[in-house]
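Below are structures written as structure tokens.
After this come two complexes, each holding chain A, first together with chain B and then together with chain C.
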Partner chain A sequence: MKIGIPKGLLNYKYMPFFQGFFYELGAELIVSEDTNKHILNEGVKYCVDEACVPMKIFHGHVASIKDSCDMMVIPRIIQLKEREFICPKFCGLPEMIQNSIPNMPEITSTPIYATSKNKLFSWALQEGKKVIKDTGKINSAFDEALRIQKHHHNGIKNKGYKLNIALAGHPYNIDDHFINMNLISKLNALDIGIITEECISEDLINSETSNLFKRPFWTFARNSYGFTCHLALNKKVDGIIYVSSFACGIDSIVIDLIKHRIGDFPFLILKLDEHTGEAGLETRIEAFVDMLERRY
Partner chain B sequence: MYYLGIDVGSVSTDIVLVDENMHIKEAVYTRTKGRPIKAIQEGLKSFKSKYTKNEIYAAGTTGSGRQIAAMVLGADATKNEITAHAVAALQNDKDVRTIMEIGGQDSKIIILRDGIVTDFAMNTVCAAGTGSFLDRQAERLEIPIEDFGDYALKSTTSLRIAGRCAVFAESDMIHKQQLGYDSSDIINGLCEALVRNYLNNVGKGKDIKSKIFFQGGVAANIGMKAAFERALQCEVCVPEHYNMMGAIGAAILAKEAVMKSGKTNFKGFDLIQNEFISRSFECADCPNNCEVAKLEENGFVIGCFGDRCGKWGGKLVVNA
Partner chain C sequence: MKITFPHLGNAYLGVKALFDGLGIDYVIPPFSNKTALEIGSLHSPEDMCLPFKINLGNYIQSIEKGADTVIITGSCGPCRFGEYCELQMNILRSLGYEVDFIVIDAPKEIGINTLLQRIGKVGSSSTKNRYGKLKAVRDGLKVIHMIDAFEAKVRDLSGYEINKGECKNLLNSCKKDLLKCSAPSEMIELIKRNEQKLLQIAIDKHSTPLKIAIIGEIYTIIEPFSNLYIEDKLMDFGVSTSRKLTPSWWIKDMVLKPLGLNSMDIKRASKDYLSINIGGHCRECVAEAVLAEEAGYDGAIQIFPLGCMPEIVAKAILPTISKEKDIPIMSLVVDEMTGEAGFVTRLEAFIDLLERRRQNVLSRN
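Entry: the complex of A and B
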């Protein structure tokens, strides 16, 4: 059986798990290419217009491999932590894909509640059975997939640069170098080191969010808020760059929460959409770096 | 000794020549019309008979077309618009604490304290509420853009125009026109909508303190200046060379760069006769399919832009 894994959204982060799981079950893996112009165009063509650009790109990845696989991994991620949720577009992702892209193969649409090993296993069991009947095999493939994911290190922490900034935003906007126009190497070229949210401990993020008037409803919001505020208030970085998709609802709230908390700490918001002309992005980061250099 | 500064913006290309004391000797404002190289060549035409290459001590570029301009010119400094505008405003007045700049495609706010940029913001991916939108409305109403501000000042009743999006604003304006409202009142309403949108979007959460400079092409519109003053309840200064501030900043930054490096890269005014050809092609060497622009001067390739891996842009920079 050929299993397709689109390289978009949270599949960037959980690719080792999905790949490991289906590989252990004996499936052949078809992973889409890195995002490119063709994938973006296909995504914009198929996806509903109102969605954010990473959703559109995901559609493009699906379209690029749909004809070469028997089943596609479309993770319906609902929860990664107790009492918190992922952006609602993820909950409806399988339906969005099935109703927007014609001639789709079978998809994995079982909801993913990754709040405990047991709950995540119920996804593995349901979807694994589509590949193999042997539950013992599914069990061991699941354990192996978890082990691989655990040893895989996400996130970026540069060392040895003149100035350092916190690079915040949903992980897929930071990991997709096509849509963020090689932001990380552009910053490195300006002698700016970066750190991402995966590289600080969960406890530091949580202790920062515990100051909020109510616990964050969204996991993305908790991570971005806790990460940026902790580093800014403890002066562990020289500035913050927040990469955000145009029309993102979660970001519209969390960005303002961050601004209120950090006061006049240097903060730049980069909005991403379909744009591939780089002049606008370059002007913003160059001006931000100039400002940091003159401030310190 | 003179310093040359060029700001290649989306709508206009501004060229200044300043002397040692940063006094303006020449100021040329041309429309870019999507052809930045041609605009630079046209703009520099009048310079060739008056100045020699040796009189130009440094040359700098800014604006969204700064990279291509730098290659055409042989620039000593290539800087973003925020830094250039801030440098020029500070040269004009050390006490400036807020710069509001609205250009053809961008709007910016720059907050300065004690002569240092401490915060700035630019419009996001959307260019609603900038100069090109005003241009388009002036064209639609068949009113020269230069007279737009005068019309706004004649207004007696303030009409409300939707300001969040240029397309919304246009349909709201058209609906009001169809009902017979006065053009002056509509234009004034449009200025107020742009100011409201600017302050709520770019200016949101920013500590706007006087002295406030209003610069960029849109500062020519006295209706906009008046609307800002009403909204902010304080004086807004439009500097004398409000539409040249980016170019002046580029000249100052070029001067600083040459003071460090010791010599200029400026190619001389003969470049106005040279043949620059820019071609675009799609690189097929990897799935990125980058759209690469290749710039040739008299048949020699002087630079490439737009490739992600640096294969084209990195190695071809040679002076023809």
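Entry: the complex of A and C
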């Protein structure tokens, strides 16, 4: 059986788990290419117009491999932590794909509640059975996949640069070098070091969010808010760059919460969509870096 | 303490009955208007959805009229409505308004004690005894139920009326008179009288008006200003409309939710297209499209604010429903830039399309 795994969205973060799981089950894996112009165009063609650009890119990845696989991993990630959600679009992702892209192969639409090992296993059992009947094998594949995911480290923490910035934003905007136009290497070339949210401890993030009036109910929001505010208020970085996509509902809230909290700390927001031009992006980064250097 | 609240369709009438009954001082914000939207857009984050901006405009206009406490409901995701309170508090504070926020949230999230304490804050300024308070709550609920039901009846009947505009005038005068009432019992009586008047409106039982269901994001379909008074416009065109989501529906849904008994029809109708609840009112939107077809409606119009996350999912699903069930569905996106002329053109084109689908093009006369 050929299992397709599109890159994009949280598959950037959890690719090792999905790959490991289906590989252990004996399936052949088909992973889509890195995002490119063609994939973006396909995504824009199929996806609902109002969706954000990461969603469109995901549609493009799906469309690029849909004819070469028997089943596609479309994770319907609902919760990663107790009492927290991802984004409504993630919960309805299988429906969006199925209704927007014609001739889809079978997809994995079981909801993923990754709040505990047992709950995650119920996803694995349900989807694993479509590949193989042997429950024992699913069990061992699941354990192996979890082990691989645990040893896989996301996140970037540069050392030895003159200035350092916190690079915040959803993982799929930061890890997709096509849509953010190699932002990370551009910053490194300007002698700017980067730290991302995966590289600070959960406790520091939580202690920062605990002083909000309302506990944030999005995992993304909690991470971005806690991460940026902690680093900014403790002066651990020289500035913050927030990579956001146009019309992102979560960012519209988080960015404003951060602004209120950090005051006049240097904060650059880069909004991405399918029309973002590279020259404009570069100019904004350079101007921001110039400003940081003068403050230094 | 002078309480205010954001507008949501007829909700202000229910709230008026409640606070009149409790004897609490309150300010009904001026009906959502261009100025409110301008104030709201000016101070809101750019990417924020339309309801937030109008809400903020409502608050600021009420604060100028003397309000010092804002009461709103909360939710805990995944739609961004749940985060409104935090951001609105920040914004009002940074604008220099000293207001208190009372957020009525689900007891599951904030704990039953915090909830009771917050409700107690409102109740403590009432001079009524426990029985009087309960009666006020009951009257408030009754008013909102009655006016929502009355409005639904009027909007349905307007397609059948012989003298154009009678239904609309009745509804408008009823709402205007309700605002002048000073006691909940008066309001209830007034709605009853208007129900009688509605029965006397001359209708043509043999006419077959177009029937359109209004579906989509709850705020933008209930609050008439945000959808450029689409229901009134359709009434002028002689179209019967129906809308399932109302403030009274919302209250019922909230109360029954913990028991799992809420909106059984919606769960059934959405089963084939969206099996789980993904937040906001996406599932309701999908189900209402299916229900509209089952009830023999000619078409459905989906309305949502730009960037609304749950409705984007619904918009992806609706074309499939439209195709499989053979019912035309139009999606309209509203934000502070929506122009009226373009909006009306699309509406007219949609009505033309629905008429032509019927065998007799002139069925509407």
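Throughout what follows, the second predicted complex is superposed on the first by the 295 of 296 C-alpha atoms of A that agree within 3 Å, B and C clash if a C-alpha of one lies under 4 Å from a C-alpha of the other, contacts with A are read in each partner's own complex, and residues count from 1 in each chain.
Here is the rule we use: a contact is a pair of C-beta atoms (placed from the backbone, for glycine too) under 8 Å apart; a residue touches a chain by one contact, two chains touch by 3 or more.
Note that the structure is a prediction, hence the values are computed from the model and not measured.
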Q: Check whether A:Cys248 is in contact with chain B, with chain C, with both or with neither, and answer first, second, both or neither.
A: second
Q: May I ask you to decide whether A:Ile148 touches chain B, chain C, both, or neither, giving the answer as first, second, both or neither?
A: neither
(Q) Once chain A of both complexes is superposed, is A:Gly92 in touch with chain B (first), chain C (second), both, or neither? (A) second
Q.
Contacts for A:Asp264 in the overlay, against chain B (first) and chain C (second): which applies, first, second, both or neither?
A. first
(Q) With both complexes superposed on chain A, which partner does A:Phe213 reach: first (chain B), second (chain C), both or neither? (A) second
Q. A:Cys199 contacts which: chain B (first), chain C (second), both, neither?
A. neither
Q) What is the shared patch of chain A, the residues that chain B and chain C both contact? A) 246, 256
Q.
Touching residues of chain A toward chain B in the complex: what are they?
A. 33-34, 36-38, 177-178, 181-182, 246, 256, 259, 264, 266, 269, 271-273, 275-276, 278-280, 282-284, 286-288, 290-291, 294-295
Q: Provide the residue numbers of chain A that touch chain C in the complex, in ascending order.
A: 47-48, 50-51, 78, 83-89, 91-92, 95-96, 99-100, 111, 212-218, 221, 246-253, 255-257, 260
(Q) List the residues on chain B that touch chain A in their complex, please. (A) 64-65, 67, 79-83, 116-122, 124-126, 205, 207, 287-289, 291, 306, 308
Q: Provide the residue numbers of chain C that touch chain A in the complex, in ascending order.
A: 45-49, 74, 76-80, 82-83, 85-87, 89-90, 94, 103, 105, 109, 273-274, 276, 278-280, 282, 306-310, 312-313, 315-317, 319-320, 333
